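Pasting the structures in now, so scroll down.
In the two complexes that follow, chain A is the common piece, with chain B as its partner first and chain C second.
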Partner chain A sequence: MASTGTAVAGGRPRALRWAPYLLISPTVLLIAVFLVYPIGSVLYYSLQHYNLTKPWANGFAGLANFREMLFEDPLFWTSLGFTAKWVVAEIGLQLVLGLALALIVNESFIGRGLARAMVFSPWAVSGVLTTGIWILLYNPTTGIVRYLGAPEAAVLGNPDTVFGALVLTELWRGVPFFAILLLAGLQGIPGELYEAAAVDGAGRTRRFLHVTLPHLRDAIVLATLLRSVWEFNNVDLIYTLTGGGPAQVTTTLPLYVAQRAIDSKDFGYGSALTTAGFVILLFCSLLYLRLSRFGADHKG
Partner chain B sequence: MRSITKVCTAAVAVLALSVTAAACGSDSGGAGQESGGKTTITFWDNNGGVRTPIYQELIKRFEAANPTIKVEYVGIPIASVQQKYDTAIAGGATPDVGGVTTSYLANLTGQQALEPADDWLAKSPVNGRLLDSMLASVKATTPDGKLYMAPATSNLDVVWYQKDKLSAAGVEAPKTWDEFFTAVGKLTKAPDQYGWTIRGGAGSIFQLLAEAYAYSGVPEFFDASGKSTVNDPKNVELVGKIAALYKKDTPEADVTNDFPKMVAQFTSGKVAMMHHNLGSYNDHVKAFGADKIDAFPMPVGATGKRTIVANPVDGFAVFKNSEHKEAAWKFVEFLLSKESNSYWNQQTGQIPANKDAQGDAWLNERPYLKNAVSVLADPQTAVVSPPYYLPQFSSITKADTEPLFQKVLLGQMKPQEFLDTMAQKLTEAQAEWKQAHS
Partner chain C sequence: MATETIARRPERVRVQAAPGRRPRRDAGRVLRLYVPLALYLIFTLVPFYWMIVFALRPTGSTAPVPWPITFEHFATVWNDIGYATFFVNSAIVGALTLLFTSVIALMGGYALARFRFRGRTLFMVALLCTQFIPGAMMLIPLFSIFRGLGLINSLWSLVIADTVFGLPLSIILMSGFVAAVPFQVEEAAMVDGCTRTRAFFAVVLPQLRPGLIAVGSFAFIHAWNNFLFALMFISRQDNFTIPVGLSYTIGEYSADFGALAAGGVVAAVPVVCVFAVIQRYLVHGISAGAVKG
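After this line comes the complex of A and B, so read on.
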């Protein structure tokens, strides 16, 4: 049999040898066009002085952009700090509220279909539309704040209230994502496990802690990871609601990139900032996957 | 499961990159095409929206007079026009002709994107009919002194006010800054009515500088040694006085208000007086009716000499990449003719560049506009010219310092520190520019 195999392999037409490469070439091409080239060009520009308003000074910069970012630019650190605060607040609250909603709509009750549709509907609204709605709600003259005993209070213009207002808006949009993913996870848990736990005398809390949560682990890790990256890169909501203001108190790193690259036309420095964001995200994500042992075999 | 990990890692990489994607604008544009013997030129309106119908009418007239040329109109919102031009230049997809103002002209010529119009203008019927001051203002913007943009209109800072609010409070239109601050106090009945509104969001700095120089009467943007005068003690004093009005005589939302939000606040009737320029005339007429509103020029400061900051000149430029430059210039020439220029400025309520249009009846029927033209023509008026020729001027007065003014309004920064920072940036930019062009 072995000799037959060798004969077939040796006699394989030349064209066939290329077949596997041909088959994967579309993927390789797509990765090259949409990943390798953009990443490469950002890395390239991060090492250049490339400022449209100072064309005479353009050229190779070495690590000058990174030096400026790390040692001379306080806004880099404040925007990074705000980004961290934003991601932690959003992910924590979205996880807790999303889990609560998923548990509720996982129970059987009359009108569950409608309740599920209601829970998931904000996720279907586009980002800019969401902010459009919330801008109206926060408007001092026409919005909801009039009824909260504060006429003419500009929620988005006040550094003390703007963070809460942003968090609330993003929660409205982000909680359904968690609810959907966790509900899918909940439905994959075999009912016998709950029955067995009940027979063993476990109450609701113990069943949640020892059956539900361990089974949801992968879903929770995946959902928090994806959302963390999304929230880190969140531009549409904050940009349209506050533009990073007032007085830069809501400027996240990606917004700062947009300000430096697009408003100040300093694409070299903007690329360096982008590179920093990329490295931070990649490092945190890999660390998180490692620490949570995502995808590893485990007992429920 | 391992493959899920890999997929996940790849997904993270892709998502991490979306930060790059978010930072990039889309580009759109087009080169002219020949279709059925017709030349098609693309025209970008740099303030698409309210001005779109004006151009639609003018393009209709132009195409009727020039049946071989078709004009494709693209309205770009004013807030993103610089970015659109920059991406179009980077991608080689610039229009044939576009609306441009001197505030970012230097940025475009710095990228070698525009074709000078001197030779065309010399042979054109509009030659000699355009205001010399506007032509000079355009030429002063570029280091080689060529005319990269044909001027069509200019503007003046004014304070719009609701007539009945002022008469109800027994206040006359203020002429000096002292009268102005008294009037603001009298007109405020918070939270139902505010005497004044501060532009705290996008575009805040230009208006603030117009107020500061009108107050201080400092006649130059840089002193003889090339140092910026922005942080002159009198300018600092004015910024302090304006910041003191915030939340007392102005709505709290002002700190983040850009032009549309500021105008919306004024036209909602809550604010009695608002600083903008002649260009927002149509918004006010739509909201209140032509007989209910009026405007006065910037008040006069303690020096007693009227001082104004020259507004950017708005006009049209032919792009270097165009394959139909002659047709594009023909369109520009048409827009600058007496009829078109008069029609355009009548609709927008601004000052026409064509001298022949300045005598038109509509202009003399609007007292605020007649007043504005005479302020500009008055030899006693001191005109401070901002350094539009500095490619960095726009980013210094926008991205770099707008958030700082918000800090001043919120009490997190002193007016002195704010203006010192701006002055330092301007002085540095001026020195760098001089060195690069010496």
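After this line comes the complex of A and C, so read on.
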């Protein structure tokens, strides 16, 4: 129970024994009340008929919500499929572009600070604002797409183009934070390693493959995982840009939950969908951590 | 947990950033560095530019430059649509979230960095686990809780939700910054007769300025931008925040692009300004603690 540092040993050990608990108590309290308890209550609601607009029908439902979800609701399955497609496309592209961007702004050149501030700035922009900006770009009559030879039909109203438009929009906002995380990882690589590799005659490509990538491994695994959860969770942009349309082809599972919760106030069924989302997310995260052997000693 | 990483001072990291390479102006460097950077800058900045053009040029104009300049769209959104109110609400939520997050993260970060207590690892793991809880999936249970507390339609529901969701990462970031302040500094003050609390306020807190700036700005930006919680918990227009107001502008004024763009500029200016100031602290903060913490 001793604290760090030698000074504490001669100090006031009795007072210091409870000091850390006092310091973390607000955090523990907030997390318990507003994160842990709600997760428990989702599980409870998922077994209930609970609709704010139909209070007379509320009551214990057993597994009825789950039965409806799995067997009678095709939108659950299509939204799940689209979620997977969305997360994989976004994370794959954000990783490649974010790594390239991080490598570029890690070089030293004149105006680097300004360049960083500019390329990272879309990170600070909200999903709704991103929608506002890109609606102006995508509009067929006034948008910038008309200079790029886009078809006359609205990009966002066409099931063939809406996915690409959505992915591009989110890349604009998503790549910067990926680059920030990877840049932080790059700055932790000791410069001597590059010098040693250069002395050994390693070219730029080999230095990247044998020095940079292995050292970035944990940062990449963590960034892809955090960003996957984040993109999974990314309702703001899709809700406002396409509303899940046209014809529900861009509805992700969390967006579907949000629509059920906000529009139809069907909390029981929404909680069943939420529970399914948690289970899937947890399973995928654990699988990914396992497969990537995160934190294992692989640097040799 | 790589404590060695936590303890590294940001200054050292910066020195290592450019590993002994001098800028050379050869063709390879132009192709490898400046061309992709220029392309990416175009991709980043053109959307901002396009919004500003729409916000400043008169209705009906299709010119690609904002000339002649008009502020009629700003007058419309600020006075008629109610952005003046939305702006104040967002500022209140942002400021209170910043305050609570900073204070609580400072306490938690100090505990993590300076004490080895029973349950410390559990606490760390719990903080990391919260990062895998999507906010969108918590709409229903949080709505029920806030309804029980009588906080629906109150800005406090947003302050609480934004604080809770931002807190774990803020604590991890802050503990990295605290660990970077040598314990000897505190020790010396205590030898001089300070209590630990006084030593903290007198010698540690001043050195945590970059950390407080990073964590506070992070909290402010997230609170300013949060849309779903505000959409779910607030239904009275007097209490709308900027993102909710903007989403209605997108829906209702989809023909009036000038108003939409002006609303966008109002929404963007505070966060982009905050971001421009803090982005370098952010990278240092993450390399000091979050990624490998």
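Going forward, the second predicted complex is superposed on the first by the 261 of 300 C-alpha atoms of A that agree within 3 Å, B and C clash if a C-alpha of one lies under 4 Å from a C-alpha of the other, contacts with A are read in each partner's own complex, and residues count from 1 in each chain.
In this text, contacts are C-beta pairs under 8 Å (C-beta built on N, C-alpha and C of every residue); 3 or more make two chains touch, one makes a residue touch a chain.
Keep in mind it's a predicted model, so treat the numbers as computed, not measured.
Using the contact criterion defined above for the overlaid structures, shared-chain residue A:254 touches chain B and also reaches chain C.
Of the two partner chains placed around the shared chain by superposition, neither chain B nor chain C is touched by A:83. Contacts of A:278 after superposition on the shared chain: both chain B and chain C are touched.
When the two complexes are overlaid on their common chain A, residue A:48 makes contact with neither chain B nor chain C. Of the two partner chains placed around the shared chain by superposition, neither chain B nor chain C is touched by A:212. When the two complexes are overlaid on their common chain A, residue A:262 makes contact with chain B and with chain C alike.
Of the two partners, chain B and chain C, it is C that touches more residues of chain A. In the overlay built on the shared chain, the residue A:35 is in contact with chain B and with chain C. Of the two partner chains, both chain B and chain C are touched by A:226.
Looking at the shared chain after the overlay, A:195 reaches chain C, while chain B stays out of its contact range. Residues common to the contacts of chain A with chain B and with chain C across the two structures: 35, 38-39, 42, 139, 222, 226, 229, 232-233, 235, 254, 257-258, 261-262, 270, 274, 277-278, 281-282, 285.
By the touch criterion given at the top, residues 5, 8, 13-14, 16-21, 23, 33-34, 36-37, 40-41, 43-48, 50-51, 54, 62, 104, 107-108, 110-112, 114-120, 123, 126-127, 130-145, 160-161, 163-164, 167-168, 171, 183, 186-187, 190-191, 196, 221, 224-228, 231-232, 243, 246-247, 249-250, 254, 257, 260-261, 263-264, 267-268, 271-272, 274-276, 279-280, 282-284, 286-287, 290-292 of chain C touch chain A in their complex. Listing the residues of chain A that touch chain C in their complex gives 1-7, 11-12, 16, 19-21, 23-24, 26-28, 30-31, 33-35, 37-39, 41-42, 45, 100-101, 104-110, 113, 115-129, 131-137, 139, 142, 144, 172, 176, 180-181, 183-195, 218-219, 222-223, 226, 229, 232-233, 235-236, 239-240, 254-255, 257-258, 261-262, 267, 270-271, 274, 277-278, 281-282, 285. On the side of chain A, the complex with chain B involves touching residues 35, 38-39, 42, 52-57, 139-141, 151-154, 156-159, 222, 225-226, 229-230, 232-233, 235, 242-248, 253-254, 257-266, 270, 274, 277-278, 281-282, 285-286, 289, 294-297. By the touch criterion stated above, chain B contacts chain A in their complex at residues 1-2, 4-5, 8-9, 11-23, 25, 83, 86, 107, 110-111, 190-191, 200-202, 251-256, 265, 268, 270, 391-392, 394-395, 398-400, 403-404, 406-407, 409-410, 412, 432, 436.
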